[in-house]
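Labels for the chains are A, B, C and D, by order of writing; each one numbers its residues from 1.
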């Protein structure tokens, strides 16, 4: 069962609400003897941290992760390494503004999980979105930092490729640029355009959607499994589970619908060392659910947050019609911070499938 | 683990290769006392059956399903009903043309799983695609027929909304039309256009992609679970696991990326009987991973099959460069037959989540 | 979920009722390239087959197993080997005596699952016990035959060590003897005693319980996992899932309760090649849930079947008090046929843990 | 997968080492709106706490549990109740005596997991047994306290029925007595005998095994599932997963092997209100893996701890022969503290099966 767990052999279970005492996760099944320190995880967390530019929410949290179990001094080197037992990670919630939540308790924010949590459970922790808050994604990033170490040799990178109607120019793609702007944008010129565009959105108290692209280089051929353990299937599951995601595609994705068989099938030649050399990568590195050695490419669409300054029609818990407007901290494009989260989820899927493949096939 | 199983409480395990003696599945966890006959399942299978028009593969199979376990005469009525024990379904493979497969054994068809199965396992049943054949989807449809009965009251329908570059006109959407043309097209006029277009594709020995839309009406609010058992996440997993699917979206999907928060959030009023009445359905019936009572809407993109008459560059198992051309039976648009398969997978997800919700919350 | 499935990476799902058209199983996750023929499996099945002596039920079934998927000709040798995809096995039910079951349908046999299946599901296939029949164990033996091949190098043997009050003399233990008598008894002299004793039981229309011991030699150190994936825990689960089993123990088992720490702890010296050499095996080869390289030893108690000629007080489905007496075929000691079943379940546990260990640790 | 998780719908994941900063667990799948406070859990924890008499280890820990997530004020009553999201529990480790562990790091204690953890992982946190320490069972008791609330109406009690060779007299069984002596012994006179006996064991620096019996009254008929989700199977798995347990039995257990069918089958009459009335309970409340409405009775054997003052032969990590003697805190009969742990594991199994049954059958 997978209510709050993801993965099988590399299994991540997260817990915690936005304004509870802490959030955390348990990573079970990690191979032993992998060097792991809090600093390793913190580096990834810091890429996701809010409040790093004017384009993300101003909630400020140290987001300092603690490792509570599952690592120990290596018997020879003394370095902290994984022991093969569960790794428990915890981040205390420090910036819980003490305020009156009675308003939120009663009014359902449109486009949010408020109404459905109540419909399902008859109760919800409404403070800051509770369990449905994007704060949960901090633990995905933390677990993903460990997953990356399980698939050492694989490079997993993400980029924002569209904000609102504005797409990047792929001809200008430069991975190094993603570190030079607050959008993880691989195209410097588009990043400038986005800055202007998002300033307008932000000042209007509005919000806008985005598309994120994740690329994993160095994935060995053979990961994935027919027919319900497909690598693309598990990537779709992983990415769709991220807050606000409404679409996922692999390789050519939805564009493949408009292509002919001649245009879509990636031709193959013999490459260096006798390995297959694909002349294109419409498949996004996956054939029949199994990796083919090409870069694995996935994309996901993030909807605009409904937390906006314009009043919207909604109802209350007790069944009255009201107008809802979001006050306070505001995130004009939640897609930006989804980039490290998408990377992390891809890393978790790849680590899980790496272990699953090794279990069955032994390679 | 889910190599060849899907679902948790309503769990489907499929087995079989395209040209082995039979294919089959085991449905475990089905509630007892549900009326079930082979005819019930056959009706759904017949909608998927190949060879029903010139637009799908001419492989002809009776596809006659047998129920081998899990049903018994009701103690009072004598009607065949489920007993709560595993339901085993089997379809014999009858149209396995005896031919020389040595060609296929050696040559990797581009865009197919031939090369990745070999990379993973060092062996594959190459006859007709073996395990990676779309023939496996017959068992999804069979299991889906049972799933529909678990969520009685929910209507799950699918339609083809795009073939190649040609989309339907949504203003002309009429569910009844999907039974009147060989495309499951809800728009009669577009169906005519597609017939001409696909004739051209077929005569050229080419193929083309498609987009399928699945709509589930009557889904109660509350199905799904945070944060890794989200209803949309499991739909994405289910639909992406179908052969040739390259993208999945929920509600507004990728279009949501270009929208503002004002445009995207579905406003709410009090409707009849006091239930929430949503003024739009950009969310596709799911908020925070949990159904909100609106129609659940999912879409998926199917790539064009690589089995085309034009020679394509590829390699052999032993590492030689060759040209590969598909002879024999040919399917110009595999997306057509994906419609009942998509419906079935959606039914399985909904049945599973219905039981999961009932288990935890008891409703 | 595990209603009708067992194992994680090596996963067995069984289906079928005693008097339905067939019984079967799906083995998922088996490594590829393992030689496998129907004859391999049949050999194990024949050891379990009923009607082989006057001491087991006279139901006669060919129990001829068919492999329906998951094997294919090795690309070089042409030998039938596993492909890594699901292996479907099926045995047709051929000896379903057509008789009037109305009696069984209504009357609950004491000590049987009749009453609880009805309590749970409101229905049951009552013919021959339906799903609760020991016939299901044929598929455990079949799946176990495959599991044995996954852990080649490990020898898994079973023996009957007690029938009714009569235990074997362990000083006379000789594995070869288990093939020389109809009881899988490793002590020839006790086997003779049992023959007399059981003849008396049989003629009286009575039945008696038994204890089975399973020993796995050659299990490498390191299989199992803390703290809910313990090897002994999974053996307990596997053996307790066998029909009529009421107790399971590992190593010294219940006798350990009466021992002191001095008596119970297995002392260790350095053995040949530097490997640990244990001076005793009270632990049954498992410490902290993980194998230590010693023989893994498990024992389980099988209750006497309640299908006896003496009338017993019971009730009917409709709530009337009746006397129930079992007519027809009769099994004086169901523990005998439990020996190959216990071996099979141990093999499945070991195969699963071998793959799990390889997945996490890579050895 | 279940390395460090137990259960399916009611799922417990534990983490932490004996001498790390903390131990904890995540309980996922708990129904919403169940009143739950730290005090509720603490009460059960206090029954297990070490250092309560001279017969258990003198390690003193506050064992104060914190709830970090998954509870919130009820919207009407304001009472703290479960929300249906993961409940994270944490206990800080406060009595980690800072001492030199270099001895333990190198020497394998016989009968302990030291050697097998190293064999499996190549590393272990050796301080106080690390992950293999019985300290982990505190989290089982904590999770069990929540499980009890899920199956309200079911009473789950445990008792020690044997210490070393000394069994209780069942004719004197009085549940109330279990609170009157430090052994959870239901027989006051035997408790006195045990006190003398254990004083001798303790002064000799020795240890001794025990047998625990768990009884669940009020379990409704219908819990459990054929054929690999049997209630007795899952109880066996749950109880065998407890540290030092070497055997598990249900109802008559191993004694059933020596019984005849006449003696063993529980006869049935119509009882009050028309419900079945069993004239005996050899089955331990379970038939065919499904509860029959009788008390569910399980027993498990706990081995004597190997931590004794007598030197025992062992080896070191680097392969030298040594003698090992346990200094410091000492637990003459670990079976005593296993009583609340066994209760908790039974509660978790019952809660899980209650939800599973409700999911499939809806009752």
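Assume a contact is a pair of C-beta atoms (placed from the backbone, for glycine too) under 8 Å apart; a residue touches a chain by one contact, two chains touch by 3 or more.
Just so it is clear, the structure is predicted and the values come from calculations on it, not from any experiment.
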Pick the pair with more C-beta contacts: B-C or B-D?
B-C
Over half of the contact pairs shared by residue number: find the pair among A-C, C-D or A-D that meets that against A-B.
C-D
What is the distance in Å between the mean C-alpha positions of subunit B and subunit C?
38
From the C-alpha centre of subunit C to that of subunit D, how far is it in Å?
27
Approximately how many whole Å separate the CA-defined centres of subunit B and subunit D?
45
Could you list which residues of subunit B touch at least two other chains?
1, 3-5, 8-9, 14, 29, 32, 84-85, 120-121, 131, 226, 356, 361
Report the residues of subunit A in contact with subunit D in the complex, numbered from low to high.
1, 3-5, 8-9, 11, 13-17, 20-24, 26, 28-29, 32-33, 66, 68-70, 72, 74-75, 81, 83-88, 105, 120-125, 130-131, 317
Subunit D - residues contacting subunit C, complex
1-6, 8, 14, 108, 110-113, 115-117, 119-121, 131-132, 136, 162-165, 201, 206-211, 221-230, 232-237, 239-241, 243, 246-270, 274, 276, 279, 282-284, 286-293, 301-308, 310, 312-315, 319-321, 335, 356-357, 361
For a test of understanding, state which residues of subunit A touch subunit C in their complex under the given definition.
1, 8-9, 29-32, 84-85, 226, 355-356, 358-362
